[in-house]
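After the structure tokens below, expect a handful of questions from me.
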Amino acid sequence: MTLRQPRFAGLVPPVVTPLTADGRIDTASLERLVGFLLEGGVDGLFALGSSSETAYLTEDQRTQVLEVVVKAAAGRVPVIAGCIETTTNRVIERARTARELGADAVVATAPFYTRTHPAEIERHFRQIAAAVDLPLFAYDIPVCVHTKLDTGMLLRLAADGVLAGVKDSSGDDGAFRYLCLGAAELPGFAVLTGHEVVVDAMLLGGADGVVPGLGNVDPHGYRRLADAAAAGDWAAARAEQDRLARLFEIVRAATDTSGTAAGLGGFKTALMLRGIIASNAMSAPMLPLDEQQTAEVRRVLERAGLL
Amino acid sequence: MTLRQPRFAGLVPPVVTPLTADGRIDTASLERLVGFLLEGGVDGLFALGSSSETAYLTEDQRTQVLEVVVKAAAGRVPVIAGCIETTTNRVIERARTARELGADAVVATAPFYTRTHPAEIERHFRQIAAAVDLPLFAYDIPVCVHTKLDTGMLLRLAADGVLAGVKDSSGDDGAFRYLCLGAAELPGFAVLTGHEVVVDAMLLGGADGVVPGLGNVDPHGYRRLADAAAAGDWAAARAEQDRLARLFEIVRAATDTSGTAAGLGGFKTALMLRGIIASNAMSAPMLPLDEQQTAEVRRVLERAGLL
Amino acid sequence: MTLRQPRFAGLVPPVVTPLTADGRIDTASLERLVGFLLEGGVDGLFALGSSSETAYLTEDQRTQVLEVVVKAAAGRVPVIAGCIETTTNRVIERARTARELGADAVVATAPFYTRTHPAEIERHFRQIAAAVDLPLFAYDIPVCVHTKLDTGMLLRLAADGVLAGVKDSSGDDGAFRYLCLGAAELPGFAVLTGHEVVVDAMLLGGADGVVPGLGNVDPHGYRRLADAAAAGDWAAARAEQDRLARLFEIVRAATDTSGTAAGLGGFKTALMLRGIIASNAMSAPMLPLDEQQTAEVRRVLERAGLL
Amino acid sequence: MTLRQPRFAGLVPPVVTPLTADGRIDTASLERLVGFLLEGGVDGLFALGSSSETAYLTEDQRTQVLEVVVKAAAGRVPVIAGCIETTTNRVIERARTARELGADAVVATAPFYTRTHPAEIERHFRQIAAAVDLPLFAYDIPVCVHTKLDTGMLLRLAADGVLAGVKDSSGDDGAFRYLCLGAAELPGFAVLTGHEVVVDAMLLGGADGVVPGLGNVDPHGYRRLADAAAAGDWAAARAEQDRLARLFEIVRAATDTSGTAAGLGGFKTALMLRGIIASNAMSAPMLPLDEQQTAEVRRVLERAGLL
């Protein structure tokens, strides 16, 4: 196997966006969170992804978030910026702003809201890459975009130098395996998984890195997991993953709400309880976890030894 | 039955957005198109909906389109402005701009891209209505948003004065019937259908109006259809609808592309052939209809007596 | 327009299957139900469709049901028999049995459970038609089969003499309209709709007949509706349909259960309350409506003047 | 961790069903195939699953297949029999037949074709288990059944002794991980994966066994993979899995057909080329792989060293 050396790899958590109770970006909390992640040993930061509530932020708020993250990272690790927009020209506009703000790479999905087509998706990525002078990641997240990116297309775009990598949140572990197999021939192409409860398995299968939302809450755990895997100690990797999978139960504290509100709400509540961010406030129309749900998150954190 | 008198009713086509070959808004063509629709007898204009390629336009382009449509309409018919954004705060921001630009009502979907929940959707519409001083329409378009709006919720929001109407592109004719039945008790609430090939049936079932994409191409036909239905001449309404359904075949000229590119591409090509707009250019990453596909559209138009 | 004369048309309710409390076919109730439907003026009977709980019946029970229905119909109206099986050979086997039992036509869906393909679906219908000496209907019910039958394919099969008709429960009113437009050239081809709350609209659009589950409960109402439509009295048709749509609320008496249990459970409970069948028992693993839900059905029936 | 000792575990391939060109069961080939699998070191056999074309077989053919497999297995490994039927009573009827024919366990899905509900699904499994005196597996295969089995329900049924195991073909690797975590407390409960291209990852995550369709073609490879994993040699397991993932390309020889026809057609063609079965015939309405597609399968087999 070729030695793989993608620039963007390892542990790259998607940074959640702390908010004040009245819905503004809580920049002090965001700075503390970035510091916590860097201290936890992350290899990069993914800002303005789904876990950052990017779909809930106005243009000005997106700009503000990216400014804070870039500044707080201070060049110690690369910052990958989500440019989650419905179509090509909107992505390009946003990606140019991200570049000006100091992002090291940008991430785009296939077109969404509108009905699309494989040939249009491929042109979409090619046109973005041609228009933006930064490495481009494809974000495969069918639960949001309602399209699965084709493995053959991704590898073709990688071979053509259009894509620097893929952030896979597709849940299609078979397709992901073929992406890893294909990437073996593409030394600089990064295959990152967003599946935070099976990171050991994904790394065994060939992933170059992981983008775990839960990594906001316990970056040290994911650091140990990634290190164990890199060392070939798969029993240790599995044990750490099992521990993290149990910690992930914080996303089930809230019921009868959206998966987004329960999941990100659980992360934010845990970060609040750990003292990293000031509030578990959520963007409208979501509600933050209530007292009882917060108590349940606390219980899970205590069981995991994180409080 | 209560006499229904919704302010926004009748024939309200979603105005397509003419583009130049290099992707700018073709304002002269857009003005001509609005004039053509007004001359065709429309009762209102829906700008920045899905048929306007709104998902493909940058913020500045959206502003430009709405300015042109409002100015060209010149108060002769109301202008309803789509505010197609992923979540609440983004919709509110866009809706305030629409109000400043002179829109008479705004249209929003449920949250999209992000996973959502019925209670969040209801809060979403309530928060938008509270923040924006214009009548609010809910846009039910599961093919884009991947959520079906609940009939009970829509009627509750109508009764509470949150919604002025619904633009239904759900394709769920059973749910639509119950919406019409419920609207019978809500005199000012407008139930509009986007199903351009079954308008006669929808009007028979109680729809207050229709938002036909094909109405760009043949507003006079939809005017005759609406008038026949209003006069109770259902045989004439059906015959006109059957004619328009055959005309709708222009959306099948392009194959092996997205439904959006084929559908809007067909409309634009027909408008170009009819001399209303200058070009059938489409937003990236879509392609315009090619020569052979254009010839097929021409054939359908000729058969329909529109050339 | 060619005069359309399909043999199987008009009002063809899907006959529900009465059960005893211990899960056997209640043949006496089934006979009474068929008598009630004939007295109500139906033009045909559809046995062993989805509304007959056919997916819940063993082979022997399916045979028993068809025997009873054929015998009770006694040649007064044709009996169409569902042959709801996963794939071609299983349908053929079942269809041959239906023929032996005296069915006048058979109904098959596309393959289900297994993944399939348009070319396979077309072969499927051609092979069934070639193997079974009875008119064949295609049953388009994506909510069960998870495939939508293509309009072009259906018209091609009709033109080739493979299909005698379509029973459409797709909910795609646009596609249905094109089916009706295409059928105008195929005098013997029957286009039947299963959408019981929009029958007026479907008949206006060109449907040849209707297969309303609710027709079990109120065949006389659907008779009046069909007669009004045939007479061109669309206002009367709409009023009758609106009344029946309100009656259809009986399917919402049960909540927190499957749509099947709520819908068929509502029909059976109404038939029990009207004295036509002895019990509202449902097939395992469904539960019958409980006392409170039964009271709700009674309330709807009383409001509709059916008790 | 408790020592896990499920009775049905390890390598349990789903046995494909060889057919003659005229569609009969090729019993001689089926016997040879079972012999080949036993020689390859399998731990059990899964007959009449999706890979056995069970949805395409008549009742008599299903009986015939199970008879042949049980007889050929001759008690050397347990035989698990699929009872793939739409609803409870039909499954029970089929499961009793399977028991009479000598099956050691039965497998059922949630109800399909009909719309269902979590409470009905749970009752469904409880009623089957109560009626059939054999260990019961739940088959989680949303691509066929269009329902995902809930992890909490599966673990509850396991704890209650209703389920002996789960055969997971859901593709939801996160849910699968929680199933494995829960199974750690249930020593006799078997968690089997059907995901043949990520078996190493699934075993690392805690799976008790694997049901690989591709195991028909190369049982020896899966034996080596399972043995390496059991020995903790994850590098060897991954290398073997990568090799098998490349072999799995035989399912892509056929294009423009159903996934079922391409996948099972690829397996059967490979078995024919390897001399195990006589023909690559497929059930109607599927077509077998043609000459060119067969040559492509041959090429993949040669590259894998299997010819």
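Order of writing sets the chain letters: A, B, C and D. Residues in each chain are counted from 1.
Basically, contacts are C-beta pairs under 8 Å (C-beta built on N, C-alpha and C of every residue); 3 or more make two chains touch, one makes a residue touch a chain.
Here the structure is a predicted model, which is why all the values come from computation and not from measurement.
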item: Neighbouring chains common to subunit B and subunit D, by label; value: A, C
item: Distance from the mean Cα position of subunit D to that of subunit C, given in whole angstrom; value: 36
item: Between subunit A and subunit C, centroid-to-centroid distance (C-alpha), Å; value: 49
item: Subunit B residues counted as touching two or more neighbouring chains; value: none
item: Arrangement of touching chains [line / ring / star / complete / other]; value: ring
item: Contacting chain pairs - touch in the sense defined above; value: A-B, A-D, B-C, C-D
item: Interface residues, subunit B side, partner subunit A - complex; value: 23, 50, 55-59, 84, 86-90, 93, 111-117, 119-121, 123-124, 127, 143-146, 256-261, 283-286
item: Residue ranges of subunit D touching subunit A (in the complex, touch as defined); value: 171-174, 177-178, 181, 195, 197-198, 200-202, 204-206, 232, 234-235, 238, 241-242, 245-246
